[in-house]
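Common to both upcoming complexes is chain A, partnered first by chain B, then by chain C.
Now for the complex of A and B:
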């Protein structure tokens, strides 16, 4: 009897234990979710048949398996059933249709879910899959940073459709992150920071101390971050910097400039405005802002230095973006006279620009500090730059558990929150940290965190990597190269993949685009082509010979073989009919954006001189599809036929009025 | 025998209870998640930074609407203006002036299909002024859907704005 009873009990126990697993499976939350989905789908379905299809769906785990993409197994669609289902547009919560973007919903089978969103694809319980638990391995990327997913495959600096990521990448370059941190693709980065040996020639002790205390306090456009230095350290660094010996040529330039008398500030003001300094600089916040704010510049730079620098900026800092203008000796004196009378900080003490009497022991202490603080990363003195920060290449997949949150309790234990806090206040996350503060705005911070999260640990297979085609970025050497260098064309213009984007006109196909005579006139005396743009080409005071050399170089090197020299060749004579072209011009409504005659919009360039400026081949090619030059060109593609595009080109070629600026000004010469 | 059967039953019941309570606890823990529609409060901070949220008055825009806003701001704003009132900086050079897209009567009169058609084929295409260009070959069908979606958010609910 007891044996039988024991047997009975153990067998019941055995069955109970056996039942736990199927029971657990039967009660898993996704089953309830799938039943709910079937019900919702049946209610929303447009036909009886579709409704039945929803109800007949078997309840089972769904997955997307991607052996070619890091062997991902994404079971997210087990609960998120409606992501590809148009019936679920606007459905609540978990069932809703995925928003439409470049890859969704059409590319789910190529990318799965976790390659963009992060999280644990294999898990079928919400907490596990989303990684909401603290210190979870790979939690989901919060939506504000979702574009980091784009960046895992799209390696290019600018990614169309991912504005936040692109902005973040650009900011990282601008802030000079790569000077201290190694990041793949940016190994060759060099900061534009000036060499130290000319600092002592440029400024005074008090001004330098204020700069070291808070660079942005002196110049709102300063790219140097704030190192939160103690006063004693600032003192030591100042002595060290004033102890560096400038080269003889530079000292000589400053010495001779110091002997010159000041010029006429009124003429200086005129030249300052005409040269369009604010296409790069700002004055009281007005201007482009990629170069220093000038409104107080004469209180932190000595007068001889301003004079010598303006004459040859590239001698003082070979990596500067500033062009060497062709001002005459007297003109430079006038401009500097204007700057020292106008661009002053009237609250600054008199001793701002007094030199420092160097104390050797302080200077030695400063030298040590200079190395310790990592200043050499940007201001390399002679030798190679040191990267003192950690490598950032795999940071996007760092586990939150391996991050030091220091004493901060207000920061969520996730990687994005840590990065945000780090960029906001770098030294708050532990003692003895060296990273300086940059004062990023919240939007900039978010963009940079997005760019950082895109730096994943697992490289995406080549098949998934998207690298835009490299374009030829030739800059010739010799005399032409010297002119490119002198006028720093690449500080504003793009050539192929090189250069900056202050100008909206890349020079890559300039020779196919503009007429040689026009470009010579324009280089000698540039004027406004697009009235809505605030940044305009400076007047360099280039000589006619120099302008001709450059124009010839455009004609030789910067051509696009797809642009015909003569689009009318081999076409019937009717294609040259400007009267027909004018009719097309009017019916298309080109005047909504372009001025022609005395009427029209201010959005595109006025067309009154189109025939003098543009080559017919380029105009024709443009009309056939404006977006082929740049995807974001606003001029709409009218889908013109070849014949209509030719007629319109022929009309535009008849517009050869000279702009007023050229008629009145003498231009040219120095 | 009867007693043993009873005790067996009792054992079984107890076991079942244990199993059920274990499971039901699990179920409770998951139930809210299962029924979960991600609550609005959880989505809101995710879609907009505080600064952005402050800049917009209404509720944060969905992803598609934000794409639509991008298209609007890039291509349309210069003539139609920030709020669609037809007061963009270029509007004054354009005769006839661009339409007030925020006008509730206009919004009511036009179906989405009409608006999309006008964007696609331009003023000439639908018998209006040629000053509105056709965008069908510049924007994708998706972008046109998005920008029309965004236009709907520009509808004014109050009296005409003080201009």
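Now for the complex of A and C:
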């Protein structure tokens, strides 16, 4: 009976095959891991009872289910059992305790795991969960970019505790990404790039060609990226740019400036140093670096243009961050004379600044190129900015399979690796790509990839979104507004949510903070408040009237209702006790950072004129909690009682000595 | 010794009231009795009363029809198990594939059984048809059953195709996109047919729901219906192949 025997054998084989599946089921890796965890927990437990509890744990799949957050099911804790278990601090590998952060350990049940770490929460096998298995889905976010998870809920540009994400978002703004790419919340972005009409007035053919070849080569602070242009294209673009006709007022300004004689470079040098240009510019790398490097500026810009620009920068570029200084005609000539003699590239050829004789056909070709390359996105000619890059709103959830890696074989097939490669060398990922190179440092690259990965496809539900309350950012109109505009206060200071972060002193509550008389003196002739800082307020040569107008505006608009005008009102008379205050001042060791009398540290502002500078209400509020104004304030919060804070305030109010610098200086009033 | 005891046990069981209420006929080895067993049993009555040993020879059928039918039984069994875990909705469908893999006990086994049995059923049905064709078994009196067989093949293919969309992964989505676009090119009825099939103009939630209902309700019911007719016709046509049997009256009892 061979047939029957065959039937018997195949039947037995069939049952053996059927047994494989339950067997595999029983031997799933997580079961062994959970048994190992129980053993480890029992060994580490501090009491017999706890050890027994570890051993009594049933082996089962663990999950965090979040119906309210994109219906996430995270089973990571099936293997990562120790993430919330203090006993597992310092435990090896898979069992270790999650590091502490703002949301851990308190928010595991609110966010699960994948909302920050990415990966496949449903999986119970390591390879699948981490996304390394084939077709497992998007893998986990690599740890260098982990802050992208923060950005999915925290929409604001600056996120406390997420430095890399915040830096990335700031860089995206600074690099001008939004000029070419649409990103939600930045639809109204406009580049600060100068309009082209004044370029022909400003520079020469050779200088322009060198700039177009490699902007960062000429100026390390340049924000314009490198378009890797061919020489023929540079030629065409140069002819196009020199073919644009500047407005008559600008040409007139340049013409009259050209007729003036050079001033005195020695006096110019003095004014240059006094005005603190390097609070924004750099000279040979020294300085803030948000504005152009000046050490070779005279080889790129003609002398008449420097003169005219310094007198009225805002006429040449309405969106410039450069303030209009109040130098006298002669002073400006002196400064320019200093720049022309000192800030020169001595290796540059003589014809650097020679104008170009425009060839019309080349200029037309250049015009076409100008549009094709997307130059208009930043240098809007006639205001029609068009975004030539793709929208970036959902880029953080793009599948690696839908990305073009071109001929690059060295790039891992994941989204973060692709973004890194794209920012490093944009045109290497395929033929015919137009994005220019920005030359980001590896740290900047990492920060920007983090910010990009935060732009997810699935919007986070409203109750998970975190938008900090908008702060009022009032900038008055009229004469005050004109002064704000002229001196470009917002290029360095913040007012509410507006403005830049160069100055550490926001103006939002300036009127509640400083005394009117002091602020007038300070605006007329500003001096160093904090000796340790390199970026200092420039000396604008403001008139006393202008300073008074601004001080009046501070007193009117920039008040914080939570700061009392008179903190002593309604308090017992004993609270006004400078002697006791002095005692507290000495006990707390304030002199470690502050100068008082003729001794003290340099970290904080000297307090010799604190009573003349600050209003008592502000001082009192500050002492009650210095970090309420800026999170990064180093002044410790001593937790003073109301009575002690008032006593210390009354002591500080007695310090009214004028600093030595102010006595000798010759005041404003030009 | 032991055989003797087993024999008494089996006689005791067979003579019990319960046994005799279920199996109503003795197993006396007469043709009449054999026929009665078949006739009076709902499940067996579609089967031929008499099967000639030579028609059971492997080289006559290669067991292809039988394999196809067994595969369909496996599909019914595993399919019902899978239905316990599957939601035909866009956010859930692919997630359920992962649940089967990662959480459900033996989930991967059920899914793979269903998949491989489906492949086997399609392959078996096609080879079965080839066998019938080359054995000229489609000729009268089996011409009707040939047509039923063609319908069964079509139902098998449709089942296979509708099941393809249900995992709701990229392969499924594009497979069905391409397939329904091909259907669209049919003259006159193409576009309405595609619209009807997808419940719209794109492969979306509606398409998923329609394919699910077709795959789990409509097509299986039709399959059972035609399969019954198919088996029943085999009996009526006198076995799977060869000339029709002679009239029973002409047969002589041995």
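Here is the rule we go by: the second predicted complex is superposed on the first by the 645 of 670 C-alpha atoms of A that agree within 3 Å, B and C clash if a C-alpha of one lies under 4 Å from a C-alpha of the other, contacts with A are read in each partner's own complex, and residues count from 1 in each chain.
The rule is simple: a residue touches a chain if its C-beta (ideal position, glycine included) is under 8 Å from a C-beta of that chain, and two chains touch if they have at least 3 such contacts.
Values in this document were obtained by computation on a predicted structure and should not be read as measured data.
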**Prompt:** Put the two structures on top of each other at chain A: do chain B and chain C fit, or clash?
**Reply:** fit
**Request:** Would you mind checking which one, chain B or chain C, touches more residues on chain A?
**Result:** B
**Asked** Taking the superposition as given, does A:632 touch the first partner, chain B, the second, chain C, both, or neither?
**Response** first
**Request:** Look at A:125 in the shared chain and tell me whether it touches chain B only, chain C only, both, or neither; answer first, second, both or neither.
**Result:** both
**Message:** Taking the superposition on A as described, I'd like to know which of chain B and chain C A:21 touches: first, second, both or neither.
**Reply:** second
**Asked** Given Cα centres, how many degrees, to the nearest 10, is the angle at chain A formed with chain B and chain C?
**Response** 70
**chain B versus chain C as contact partner of A:75, first or second or both or neither** = second
**Message:** Going by the contact rule set out at the top, does A:217 touch chain B (first), chain C (second), both, or neither?
**Reply:** neither
**Touching partner for A:258 - first (chain B), second (chain C), both, neither** = neither
**Request:** Please work out how little space separates the C-alpha atoms of chain B and chain C at their nearest point after superposition, in whole Å.
**Result:** 12
**Request:** Could you list which residues of chain A make contact with chain B in one structure and with chain C in the other?
**Result:** 125
**Request:** Would you pull the chain A residues touching chain B in the complex into a rising list?
**Result:** 1, 4-5, 8-9, 12-13, 16, 19-20, 23-24, 27, 29-30, 32-33, 36, 92-94, 99-101, 125-127, 142-144, 163, 441-443, 446, 532, 586-589, 591-593, 599-603, 626-627, 632, 634, 636-639
**Request:** Using the touch definition up top, name the residues of chain A that touch chain C in the complex.
**Result:** 21-22, 25, 61, 71, 73, 75, 120, 122-125, 128
**Request:** Report the residues of chain B in contact with chain A in the complex, numbered from low to high.
**Result:** 4, 7-8, 11-12, 15-16, 19, 22-23, 26-27, 30-31, 33-38, 43, 46-47, 49-52, 62-64, 67, 70, 74-75, 78-79, 89-90, 93-94, 122-124, 129-138, 142, 146
**Prompt:** Contact residues on chain C for chain A in the complex?
**Reply:** 91, 95, 98-99, 101-103, 105-106, 108-109
